[in-house]
Amino acid sequence: ACGGNGTTTTTAASVPGVSNDTITIGAVLDTTGPLKVICAPILAGDQLYFNKINAAGGINGRKVKLVQVSDDGNSTKTKGAVRQLFEQDNAFALFQVCGSGNANVAESYTNSKGIPLVDPIGGGSKFNDAQGKALPWVWMTQPNYGDEGHVIGYYLSSKQHAKTVGLLYEDDVLGLQQKTTLGESLQKNGAQLVASVGYNAAQTDFTAAVQTLKAKHPDVIVLNGLPGPTAKFIATATSQGYHPPMGYLANYPMADNSWAKVLGPAGEGIYVSGYTSTASPVGQEYLKATSSDAVFSAYKFYGYINSKIFSDALSKAGKTLTRDSLRNALDHDFNNYDTGFGPSLTWTPDQHGGVSDFMFLQIKNSQLTPVSDFIKASQVWQ
Amino acid sequence: MIAFLQVVIAGLVTGSLYGLLTLGIVLIYRTTGVLNFAYGAISALCACFMYILLTGPRLNFWLALCITLLFAPLLGIVLERGFARPVLHAPVFTKAIATLALALVLETITQAIWPQLAEVQHFSTPFEGHAIHLGGLYISAIDLVILVVTTTLMLALNLFLMHTRLGIAMRAMADSIPATRLMGASVGRIFMLIWALSAFLAAVCGILLAGQSNLINVQFMDPILLPAFIGAVLGGLDSLPGSLIGGILVGLVSNLLAYFLAGHTLGSLDISNPAIRDTLIFVGFVIVLLIRPQGLRGRALLRRV
Amino acid sequence: MLKVEQLYVGYGSLEVLHGLSFDVAQGAIVAILGSNGAGKTTLMRALSGLIPIKSGSVEFAGKPLERLSAERRLREGLALVPEGRDLFGSLTVRENLLMGAYTRHSHAEIEQDIERILEHFPRLKTRLHAHAASLSGGEGQMLAIGRALMSHPRLLLLDEPSQGLAPIIVETVFEVIEQLNRAEGLTIVLVEQNAHQALDVAHSAYILQGGSIVLNGEATTLTANSAVQELYMGGVQELYMGG
Amino acid sequence: MTEVAPTSPLLEIHNLTVRFGGLTAINELRLQITEGEIFALVGPNGAGKTTVLNCISGLIKPAAGRIQFAGQELLSLSAHKRAALGIGRTFQQLQLFDSMTVLDNLLTAQHTRLRAGILSGILPFGLSKREDASARQHAMETLELLGLDSYAQRSAGSLPFGVQKLIGVARALVLQPRLVLLDEPAAGVPPQEVQELATRLRFWQKELGTTLLLIEHNMRLVQAVADRVCVLDYGSKLAEGEPRTVLSDPAVLEAYLGRAASKKIQQEQTSQGASHVEG
Amino acid sequence: MAQKPTMDQEIAPGGAVQAEARRENGPGLSLFRQPRWLVSIAGILVLILLPLLYDQIFGVSSGFQLHHISLIGIFILAALAQNILTGYAAQPALGNAAFFGVSAYILTWLSSDIGQPYWVGILAAVLVSAILGLVVGSPALRISGAHLAVATLGLVTTVGALLNFWDTTAGRQNYDLSNLPDFLNDDHTLYYFIFAIVVILLFLSYHLLHSRVGRAWVAIRDNETAAEAFGINLTKYKLQAFVISAAMTGLAGALYATWATTASSSMSSADQTIAFLAMIVVGGLGSLVGSILGAIFVGFLPLLLGQLPSPMMIGSFQLQISTLFTGIYGLLLLLVLIFFPSGLSSLGTRAGNWLQRSHKGEGSND
């Protein structure tokens, strides 16, 4: 590829974190606290992708240098972490902050300073102003649980013809959000959310949850949350001889084959909502690059594909890279952009939400197999 | 009714697991006066080790189990030598914090050598899918194993501590290390044995917990540590039967609360929320302690002047 | 039996014993006298291995002890009745006695010895299943002595064994000491405030002062020594002292 | 022996009974201690002497009985309030504040006389500092009086046993309480210092009018200082009265003093008549 | 064999003890004892000058760094509070993080949601913490030892869960603290503000701990029975310790929210409360200097580790060091505990002893 010398403009030199041959990117990922099981693999995926890009000569002649700081998953430490990235390490932009509260804190710093924040991992509900218009400097890639709830409700009632639905959800703001939209969407399509039970991450015994849901005889149970607890719920139900007539449908954090493996035989036939596909070009590329890994990691894949989106944005921002040029690219060059891993993504100056297309998969022989096309949230709700 | 019984049985089993976890904690507490906060990490490390044996070299379950149960005491000995021995004579608080530091180190090591266990994996056992049906009631095989193993271990350990020469020496150590040495008992060796034994118990607990939910990852012990501690204190901390009773009580009550509170609200307050349930359990726990500060089965501290 | 040479012992930077040398013959009862802070307890702790020595040598039955741990020394046959008793408070009286017999294996003999000790100290019999922490001062002292005897030592170190005991029990203790010495050839090193009684049973004695031995000799000679009498025996008007 | 004008009893114990599980440690015990006297409580090991003391200072709740101090019911008061009434004590097993210096031990013992609370305590001047200065002086005086002043700055826990025992006595006396409970103060103290202790206790009693309740197995000390002796056996009173009479009582000899001692005492009494170590 | 000096000359009762006593009373060169005021003044001077010199010394904008140093100040307060409760009054209570969290939420609630002035918020936060200290302390008096430790640990996680529940019910994912007075938004003035509080509280605590109240606490720690027998009202003094400790932790919590400009339920977590305990154990139980050293250790170390590059290249081997921080931190903690079982503050005493010994060694040629 092209060398660092040549026609670099002088303005680039004065842009924080951008030099002739490198772009310094900051990331706040908890690699030391409670979120490290999620964030550490995400970081590994990031590095995998950026290493690939750098080996191929970088972006517009500049290598990407990713500086990661851990905030211990603790939102009171996020601000310090972000400040370190921008006041000490002189980063150009913030790529990924893990955790909802953490992302909100980071945003309050970056947005006011005109620093781009791409892929906050959580915190979506706060990134629009009162009129529903996107905050100018934050771009989300992840789908949100609200959209997903609408699509799941639609899919279950219209496509699977379920009449009664039960819900197990993680008892936090996101879980409640999905509970609401799932209910709305079911109702609209003539079905009903008959029971819902919240759990917290530290819960060890799901018997009461199983028995409570069972008592309401739902056709199908929707599982919202993270792979561990949802798997525990299914294991508990199975060991107590309970299986909802139409089985289960899990939301997107469960959309990967390792979850299917975790469930073992009990997982056969379970539906999962997802928005990424390893059958896609980027997915195949990822699988090849990680063929030596012991297991597939959805989080690592998450890091990889989002690094790709971000790299594309940097590349579209052009050789004279500034924060404004990056914003310009993000706002205008991502119209129905093909992510390469399945869904498309659209950002406009007013719309910075993440992916809102979901597809449904089913576990067959411990493998997730697509059973539907992508369904756009905007098509099934409003 | 069936549902209720199912919840009760699950409570008993979960409670036994808490009790089982505390056996090793109480063992170390009774003999050295220290709450071992690294216990969960040891337990997780051993269970993860077994998982690797099962999935890496694809060993037979029973063979992997035997190797793990041999590995655990060795790990205990290594930890005792490398870590517990140097702080043997340090003040109690120092030791407690040292076990916390140890937990950090062990967790990091486990995660570093087996990164795949950062995420949840399937842990299979021969008991998987087997259950007894009684009317509509399901009692899975692993639950029965848990109840039997826990009770047996508790009884055996209690017998050992109360009536054998070594057991008495272990308790003596908690009172006075110098005097124990004056009796000709090798404090170092006893201490090593305690760690080996408690690591063994930790491994059993980890394996059973993983076996019950058929799930494992590096942090899978974390959530049960605090309820187990609470159960142990409820039972009296210095009594092995007590810690089992305490553990079962916590397991049972939290299950029953979860069952009875499900779907209920108090005004606009969602009282089925886990936070409310945990709060109620905690309040109950404090009330019991206020009535019996030494715990249900504990002996009041005797200090004569 | 016991040969101590140039023994230096201290706590941290504080040196307490300044080069003690003495020996104890097989089968002897040796008393160690000295005022508060002379270093008697420090000496006993150093001999039994509870605290390290700074320099010097301790030989027991021809075997150097300096490098042996306290538990090894007990196995060599050296037992201590420590100052302040140091009982196992959460163990019962019986369990304390069993701990005393930790290194022994014959069940029957151990039970027999427990019986014997309970005969000497009938008070303990009634408290056999009480926790040691609940004992009265004197009961505790009896238990500490009994516990040390349970190991069948060859050399018994006693640090103020009569402390806290009723006169009648003090008598028993000294009787037992003499009897064990005579019948079983037990060698005894005895630290006592009760110099009168100590010199009565002892064959010889050392007087410790400021961490050094300032005087030694036959017990009878020392008893007659006027300075010793004045300082350690409470003068000629001695009536009877229990503790 | 010094005759004390028989004023009203300072301490009255009525039918005190203490049980530990199945063991009756004290059985319907009655005692009266007159203001200004030195009263010795002796008896076999485990007779219940320390238990009596613990009941008086409030560390044990008796099963039955009453204890009156200067006309006031003690049993309804918590331990710390009894100290404030003017009851000081020592313990059989030391119980010093080990990590503190000897001086601080004596300052702490003056707790009930000082007033400073948190608000004055946080200030580098004012009531707290003034009080402390006088308390310090008081402590030093007490230490001097007992010949212990050279230990003032040593940390209490590392001192030799015998010295700690005496510091316990100093700690009990520093407030000049009306009643001092001494639990075997002479145990572990060498003979010549026992003599000095006897002198000082006498001095204290005479000069300050302090009443002393003394538990001792050291008969020399008992004979030297006690005005009256009570012998306790199995929680009940075996004998009470003048030291000489009580200590030659055959029942006492049998239960408590033993053969050798009885022989000696008889010898002493026939050959020398009354003998005192005192003076 | 034993020498035989003339008796009258050598045997003097108690002589040796007294000589030895004098020896120990000699020049106590303990580093933090003798020139105490000198050390304090020097410390205060350093604190005042640090922000002014930082730019010169380190050549980076000091704002962000100072902000981190301010955190140490907050930790010192929390450590001091824990030390008063645990190191002095001997209550092995691990409940302080609950006050830390509650106070932060009270301040944030009053200031952000109710619109009260910041100072009202701080005052209310400290007051509520003190009252909670009383509420928690009263039952805690009946419970002791490890039982108390576990019960209070349960309190912390329960309170954490309730705060989280509050967040969830209110539909928020973080709780921003707004309405801060301007000067607290500035790194420099925030720094001076926090350290002024720290210095004042250290000063007051020093006097309190050396007063009748402090002695009563230490007496309870050393020997509860004797303390009671000498008229110390255990209930009152333990409660006082609980209340003071809670109030001080509450202040630390409110300042922490100010520092972070947000409150989070993780402030009332087992990790947080254990961090407080670790501070005083690492620093030294029952030592003011220990609270400071411990806070510095526990506060700074993760920060320093965070400065390590990750991934670190060792030759061509890429080490994902950021995931190992926790382990490295644990290991360093362990090493400190092994080598300083009674805390870093013993470093001072040790240095003093060493000085003393080498001093003595020179002088004793006679």
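Labels A, B, C, D and E are assigned to the chains in the order they are written; within every chain, residues are numbered from 1.
Criterion: contacts are C-beta pairs under 8 Å (C-beta built on N, C-alpha and C of every residue); 3 or more make two chains touch, one makes a residue touch a chain.
Computed from a predicted model, the values in this text were never measured in an experiment.
Between chain A and chain C, the least number of touch steps comes to 2.
Remark: among chain pairs A-B and B-C, A-B carries the greater number of C-beta contacts.
Most remote from chain B, judged by the distance between CA-atom centroids, is D. Chain centres here are means of the Cα atoms, and by that rule the chain farthest away from chain E is C. Centre to centre, using the average C-alpha position, chain B and chain C are separated by 44 Å. Each chain gets a centre from the mean of its Cα atoms; for chain B and chain E, those two points are 31 Å apart. Note: centroid distance chain A to chain E, computed from Cα atoms, is 40 Å. Annotation: 28 Å between the Cα-based centres of chain C and chain D. Each of the following residues of chain E touches two or more other chains: 13-14, 17, 24, 161, 164, 168, 225-226, 323, 326.
For chain D, the set of residues touching two or more other chains reads 50, 59, 91-93, 95, 160, 163, 190, 192-193. Counting partner chains per residue, chain C shows two or more touched chains at residues 35-38, 134-135, 231. Residue ranges on chain B touching chain A, taken from their complex, read 3, 6-7, 10-11, 14, 111, 115-116, 118-122, 124, 128-129, 131, 133, 136, 138, 140, 142-143, 213-215, 217-220, 222-224, 227, 251, 254-256, 258-259, 262-263, 270, 272-275, 278. Contact residues of chain E toward chain A in the complex are 60-61, 63-65, 67-68, 71, 161, 164, 167-168, 171-174, 176, 256-257, 260-264, 266-267, 271, 302, 306, 310-311, 320, 322-323, 325-326. Contact residues of chain B toward chain C in the complex are 165, 168-169, 171-172, 174-176, 178-187, 238, 299, 302-304.
Chain B makes touch with chain E in their complex at residues 29, 35, 83, 86-87, 89-91, 93-94, 96-98, 100-105, 107-109, 111-112, 226, 229-230, 232-233, 237, 269-270, 273-276, 278-279, 282, 285-286, 289-290, 293-295, 301, 303, 305.
Listed in rising order, the residues of chain A touching chain E in the complex are 31-33, 36, 40, 43-44, 47, 68-70, 72-77, 79-80, 83-84, 87-88, 100-102, 104-105, 108, 122-123, 125-126, 171-173, 176, 200.
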